[in-house]
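Accompanying notes for the structure given below.
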């Protein structure tokens, strides 16, 4: 295992120390492993809390700040954080307007956030609403299983609901934005190589030199199938085909197109993919209103990418363009 | 023959030891159809649970199981933290008088807690596929008046058979469900750790 | 070779198509492979032109925009662009106030920029000043060789000189800022894995599973020596030791500390490294005034990092904090 | 026997062919002590040069070499583009009457252009370590009244000896210099491509 880390058991704590040092305008609770917005709780504002296993950086800690999250809980690598952390985060951001939990749809994340919400309800008057993201079209038969995974759309929910909260909108409306974004977004990912969980010490899966995993998750969960390596042009088609089949993205005010790197894929390649995504969308009659290209929701050092499309309207475009000031997304301020 | 605090402590200690011994194996199973952390998760939690019991010796069996539960819930995360945590928490609340029948009932209460929390059904390829047959075997054996050691052996064997029985199945819950057909033929990591739990009971409690 | 590309021969053109699609506020000249600021030439402003081989993204194209570069020329992967490109870029950004060329010290880059400057001088009245960056302390005996390489400090020169140009300062002053930054910055890098040049199709070097390259460049040039893998703590020490030995960074207004990812290393690990950098600097009595953590000057998919320290003063801190609006660095606007 | 446009065209064509044949080998040499692009660079440039000559047949030898020069400068980049470009540009400007003596002089002018542009010295482990001995051998042989074929053979052999002579040395210019002692023992990629250039001359021009 080749990684720039110390003891695998310390990865999360060490990275949080680094974040604390690099971002003095965030406040980090090392004991609970929470990244707080420096000025949380923000008077009158709905608090946004998210979190999940580590190994997906900049998600979620890198999205804490003005216009996005108020707090993010960091779990062990690929392991949901625990209820205690979520309770502490929720209490730390509550300014009386209630708190939105943004939860990616994984059994562990959902259960831990549920337990946290139960504890908060039992212990305090804080109103908590949870929105679960589940945008991954790689997961079929989702009715009879754990359902679709929450992937790329989570970043967009955090930005757009964050902007709505920043405008001072009430909890119900902020949650509604989050739900709408989740409902209008779809994603699909692929991997060229496996990631290596530090504590496991070896690659989660073996992938022959001439194959790739299609429909891979962000935890190195193997995908639905293995296919021969293909040029970026075909990869874009293979990823977009099920996305476009699942929801009609034509017409209206167009889409936000998000090409996300899995951690080990350089930006050069993501731009190559984005060029092909644009070409596929143009042919499919889908207009791109906004785009995002970069490694925002990673899977350790896995090489690969995911593509997320979000149907947008005037309001969502305004929320997207609204100022944001976090380590990983920043504009307008 | 009662299942006192020491006996339950021995069970928990033996489970922790077994988890440590099989840690890499559990993680390996989770690599094939999950995210390669089940062994690490369980080991982190059970190591912390044993440490918590050492630090503050529990007043009684219920307190002991509650400490294990709260430690799993606050130290593990993921899927196994809340599920094993709920299992021990419900057992703790239903422990009763320490008789084999009470133990069987509280074990079943724990398993029902897992059902309530995780909403999985038999055959979904989860820890339940080891725990439910174990609970059934235990209840039946104890009800039929068998000695505790025989009853626990039956439960452990049922757990192992349950684990193996779902191995050919396609997972319908948890992370393995994302693989669809590709999950068939792999041992479920959670079912494997649940077998260790029941085996640990057979090894330690039978001597009580 | 596992890459998200089409034909290796098209990588640069394909990526530029992607950049053009993703960043409508940039103007891309596909023929000359130039990324222009959308509003170039900016009246009254000194123009900043840089460029180099591709494969280092976001450098340089991702640093084009308000407050940083006016144009970036993209060469083939790891190959300096050609004089024609630099001439076209220089002419395209010249608003009468002259143009600064920011050149990384590699024989090819220096020669091509020199030829371009000669051509510009022969053909037009545009005043061109070149500043060559050479901050890599891995290169010793630099007096008798091609000299030190230009690495991490280049990003800082582009930001700081870009901010000075944005203030409307004259060419001589902007060049002076650039030279001062280069003179006060030092870097050192390492690699855990090799990169693979698309046209070559296989890793540039083989690195055993238990070794790393110390003093590696950003083109997969092998480093000065191979050492056994070490924890992040020791890596930070090994990289900082020669940097701190080369220049006194104590006292004054402190430093800007920049931990840069080589392309295949995820942000999680960069934060782990940054935590250790802070610790080493604290022990060495060096104050950190500003920091930057991320993959800003990559070497394709190479795993590894570099550390750059820049001595800053009040003026440089102000220039650093000044607004910038580029695809890869953005704040204050 | 004069070195006319066709003869020079044949030389350039043969160099392009040889570069293509040895492309991967040159890149491999550059992987060891550089950035793995020398073969790709030279092939891209020489392929474009041949295409440019095909598209617009040059009026004379000087025009031919100038087209090659400008193509190398505008299509290659890196270190080899400007250096090979300067070589052909200076040769073009000094081509003279097409006699062997004039060819030797213009070859030397080309090599001096490389020195002026790259500021390397003999022994620095660059293309010059093949080109300088070749120029010396050519001048000497032609001056001694040898036939062109013998003179070019001598030049090509001198180039190859020069390339091999610096192989044990530590590079002091270009990217290989960053390796310090680790560059010793490796063949310099530029010296290797320069040998192909002189070999191509020996193969084609000798027949003129």
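Letters are used for the chains, namely A, B, C and D, taken in the order the chains are written, and counting of residues starts over at 1 for each.
Going forward, a contact is a pair of C-beta atoms (placed from the backbone, for glycine too) under 8 Å apart; a residue touches a chain by one contact, two chains touch by 3 or more.
Just so we're clear, the structure is a prediction, and the values are computed from it rather than from any experiment.
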What chains touch chain A and also chain B?
-> none
Whole-Å separation of chain centres (CA-atom averages), chain B against chain C = 54
What whole-Å value do you get for the distance between chain B and chain D if each is reduced to the mean of its CA atoms?
-> 75
Round to the nearest whole Å and give the separation of the Cα centres of chain A and chain C.
-> 29
Name the shape of the chain contact graph, picking from line, ring, star, complete and other.
-> line
Chain pairs that touch, all of them, please.
-> A-B, A-C, C-D
Which bits of chain A are touching chain B when the two form their complex?
-> 53, 75-84, 106-108, 111-112, 115, 138-141, 144-146, 149, 197, 199-200, 204-205, 215, 217, 219-225
Partner chain A, residues of chain C touching it in the complex = 2-7, 11, 14-19, 21-22, 54-55, 57-58, 62, 192-193, 209, 212, 229, 231-233, 235, 263-276, 278, 288, 291, 293, 295, 298, 300-301, 303-305, 325, 330-333
State the interface residues of chain D toward chain C in the complex, per the touch definition above.
-> 27, 31-37, 40-41, 44, 73-83, 117-118, 171-175, 177-180, 182
